[in-house]
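Here come two complexes built around chain A, the first alongside chain B, the second alongside chain C.
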Partner chain A sequence: MNKQQQPIAATYLLLVLYCVIVSLGPLLFLFTTAVSTADPLTGEVIRYDLSNFEEVFYDSYYAVQIGYTLGLVAGITVVTLGLAVPLTLTIARLKNRARSAWVVMLLASLALSEVLTAFAWQLLLSQSSGIPGWLSYSGIISGDKAWWPSFPAMFVVLVYFSLPIAMILLLPAIRRLDPSLNESAYTMGFSKTSVFFLVVLPSLRGPIFQTGILTFLLNIGGFVISQQLGKPSDWMFAVFIADFMRTFNVPFAVALSFCLLIAVLLCLAVAQLIFGRKPIEAS
Partner chain B sequence: MSQVFDGTSLSDVAVELDGHAILRGINLEFAPGSFTSLLGPSGCGKTTLLRVLAGLQQPSWGTVHRGTKDITHSPPADRDCGMVFQTLALFPHLSVIENVMFPLRRLKLPEASMRERALELLRMMHIEEVAPQPIDKISGGQAQRVAIARALAQGPHMLLLDEPFSALDAELRDELRTEIRVIQKQLGISIVMVTHDQEEAFTVSDQVVVMHGGAVEQVDSAVALLTSPATQFVAKFVGRRNELSCYLESGCLYQADTNKLVARDVDISASHSSDQYKVYFAADAVVSSGELEAEVLFHRDIGDFPQICARCSGTTVWINNLWPDAQETIQFGLDMSKAFIFTDTPCE
Partner chain C sequence: MAFPPQDPSINWYVNFFADPSWTSSLFNSVLIAVVSSVFATAIALATALLMWRRQSKLNQSLVGAVSLPFLLPGIVFAVSISLVTAFLGLLGSLAGIILGHTALLVAIPLVTARLGLGQVEQIHVEAAKLMGYSERQILTKLVIPIIRPYLVAGALFALIISMNEYIIAFMVSGFSIETLPIKIYNSQRYGFEPTLSVGTMVYMLFSLIVLSYIAATGKLWSLLGIKE
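For the complex of A and B:
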């Protein structure tokens, strides 16, 4: 190995060590936990088998819950991207000072924790001091019921929580987008709407896909907002995992999280197949 | 009966952005089938003028007409102009042929005829073989050709080129500008090209518009610009002439700082009378007899005309090397038939 190759080899070694320590090691440890069964009295592991996984698939309940969670998170991702792309395009076109103000505001909202966000929205949607109360007081709506817990409340807050992250991720890519791409399409006679769908969106395909993946992954493990603003029937899969953790059935909770992980990996593979490939004309 | 001009014309066009005048009182005509270059230093408003023609920039004042039709407020879609941007603006998500087919999609033509038209244009630009390639896999010269092919796809009546060859090497630039001129003659369309390269402007254009500070200094043929500059700026900018500050006394012109005689029997009309004058002269206007003095900085012995870079009264001048062995100072004079005298007005 020559002197030039040494730093490259060291980099790869560091990468392997990082993967083992941060990903593979804990994953292996968790898998060992998932296939273990402990004595309820002593807490000692009495056997290793797949009984926890068998229990997950004993009936379709958990599969349905996983499907619901994946669908919900996919929906949140789509709505978030649907809002983030035009909003970020608008912010990117602003003058420096206004754009900086927006970036500071987005970063500030990122600093809020999920718990704080959930509580703030609980207040906003509450009957006594929130939006429903004000609207009822001003006679715009009748009744004085709080708007949470409900599916729409949970969905809106999850989108609200994801939106600044998505916008911050998209902003550099949108800022780099050559404005003459749009202008050249205008000179070809295309309308602003056509240019958005035929030029802007396809040109941003990579960043949008990456932001979508990150938004999806960020939400799949979230449970605070879901539990605080949704009804039990609306809860996401992570709430179940957390519940089993709290009741000390850790091996079963880990088995559930493994099933969720596999489902997420399958979803990502499908997304990569559909959206990830680069279109190349092959005439 | 006067004939109606059927090309594109600008009348008293001005553009102001954030309180700054970018264009001022532009009056220009672009005849059908003509090749016009907008020439000037960076920031003189060439690209803004091109954008006004394309409809991408609304003028603050003035009008734009095509024939008798007022198109001042028409959107780019109604201008029937193809444009090649400085960045080329090729769509990164499309292949070469898809880029060229893109403008045709609006016309809702059958896929086969769009493809045939695109291939025809790529063939005309000699890049048919890269048709299926992704846009980021082709060379700079090929990308330039794709951009031109795409701009021609709709069959525009006017092609606008914004410094199209600035990123290319000299050989390729020369080849492409010859090709674009040939294509322009073939198709009979008018072309307006922004450039700061004088050689480029002079070799391909029917008329050259020299711009400075957002205004048009002179519109003329290349020969006329070189032989009869209308303003002090054109005299200095076109041909990259040397400049001397002078004053007039008893019909003789003297160098301002040194009081050395520059020329005798100078005839300056009353309308140009002033205390201070600027004399602009090219390297070949220098003669070996005269009173002017310059300090030799270095010799440049490349090409057919070896030159000397010298400092004459604080000003750097390039002059033909009539003194091959001179190392320190030289004395020279000017052939006033090749020099231009202008009243000294501030010229940024």
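For the complex of A and C:
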């Protein structure tokens, strides 16, 4: 090995070591802990078996909860995409300065953590200082109830949380759209709605799919918003995992995480099969 | 709290900066964010340079492996990295949270570094080689100056996300360390006080200032993959 190759070999070695610790290690620990049973008093592993998974699938409770969470997150993804595409199209057509301001605002709200987003929305939906308070004060509504915790509040905030990332991911693809395609369609007499559904959406099929996957992944692992703004019956699966971690039932929490991971991978595989195929080209 | 607001003042801001539990949480968040964004950027730079030098399967696998934590569901990665930190004896330490955040964030500067490397013209690299520059000189005198704004932007994005990250910090902190998001979450759950809103405002302003800086440097569009 010559002198120039030595730093490269050292970099490879360090990166491989790093990957073992942060990428391979976590998955390995996830699997081994999920199949371990610890002594409740000492916390030491006493045996390796599938009892945690047997407990998870003892009845249909956790399977139903995973199904509910996957369905909820799929719904959030669809609504987010439904809002993100037209909104991003509007922002993409703005002048440079206005577009920059919008992008900075989107990135700023994208960077905000679930905790801060949930807290801000709790204030906004509270009776004492939020929208219900304003409406009640101005006589538009009567009553003194906060709008959270509730399923609609949780759903709206989860969509709000996902919207900036979806828009930021869609913006480059929308800016790359060839305007001559739309112009040709208008020349041929197509209406704005027809152009949107027949030209714009098919051209954005790939980016919309990728954005949908990332939006899905972003939401499936979160728990703060659903716990803070939803009722216990609305909570997502990650809340159970976090609660079992809080109460030191680590192997069971890990088994639940493992099940969630497998369910997510299966969903992504199905989504790839259904939506990820390239459209058949017209001959 | 009441609507309409009564007796407006900056008392809650004074409270925030006078209360050691809030300031120490803020300090922990800043420290973790700065260190982990620097580490994440260094790892991302090394990975991106290897990939730029040669697009082999090994290098592609490295890119995938360092990006994996970002692609896993948040709770799954948080749980699994807490197991790793427990094994390494880092549970409940700043170092553990820094490890978790570094792992999560590498993907961000990696994307920006690769965008920056895309701007390096191969013809310039060849010219430098013809002029007798060594690989190290090409790296330090040609490549790094070109990609520096992209690295800075990637590091700043990572910094903001680390400052705001809750789930990993919560899982790895082991109830012994409070970052600002953990402090805000705990305060929300165990009794509301308007000082919380000050913490939120501090974060919003910090994010807006950093992102406005990135926009002002003129690299925002190319960082988002948009050609103007």
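Operating definition for what follows: the second predicted complex is superposed on the first by the 258 of 283 C-alpha atoms of A that agree within 3 Å, B and C clash if a C-alpha of one lies under 4 Å from a C-alpha of the other, contacts with A are read in each partner's own complex, and residues count from 1 in each chain.
Keep in mind that, in the parts below, a contact is a pair of C-beta atoms (placed from the backbone, for glycine too) under 8 Å apart; a residue touches a chain by one contact, two chains touch by 3 or more.
Values in this document were obtained by computation on a predicted structure and should not be read as measured data.
Once chain A is used to superpose the two complexes, chain B occupies space next to chain C without a clash. Contacts of A:Phe275 after superposition on the shared chain: neither chain B nor chain C is touched.
The partner that reaches more residues of chain A, of the two candidates chain B and chain C, is C.
Applying the stated contact rule after C-alpha superposition, one finds that A:Val104 touches chain C and leaves chain B untouched. Shared-chain residue A:Asp178: touches chain B; no touch with chain C. Once chain A of one complex is fitted onto chain A of the other, the partner contacts of A:Val115 are limited to chain C, with no touch recorded for chain B.
When the two complexes are overlaid on their common chain A, residue A:Phe197 makes contact with neither chain B nor chain C.
When the two complexes are overlaid on their common chain A, residue A:Phe248 makes contact with neither chain B nor chain C. Of the two partner chains placed around the shared chain by superposition, chain C is the only one that A:Gly222 touches, whereas chain B remains out of contact.
With chain A used as the common frame, the shortest Cα distance separating chain B from chain C works out to 17 Å.
No residue of chain A lies at the contact with chain B in one complex and also at the contact with chain C in the other. Contact residues of chain B toward chain A in the complex are 54-56, 75-79, 81-83, 85-87, 89, 91-98, 102-103, 105-106, 115, 131-132, 134, 154.
If you check the complex, the residues on chain C that touch chain A are 1-5, 43, 46-47, 50, 53, 58, 62, 65-66, 68-69, 71-84, 87-88, 99, 102-103, 134-136, 157, 160-161, 164-167, 170-171, 181, 184-185, 188, 196-197, 200, 203-204, 207-208, 211-212, 215, 220, 224-228. Contact residues on chain A toward chain B in their complex (touch as defined above): 178, 180-181, 183-191, 194, 198-199, 202-203, 205, 278-283. Chain A contributes residues 4, 8, 11-12, 14-16, 18-19, 21-27, 29-30, 33, 96, 100, 103-104, 107-108, 111-116, 118-120, 122-123, 126, 128-129, 133-134, 137, 168, 171-172, 175-176, 217-218, 220-224, 228, 238, 241-242, 245, 250, 253-254, 257, 260-261, 264 to its touches with chain C in the complex.
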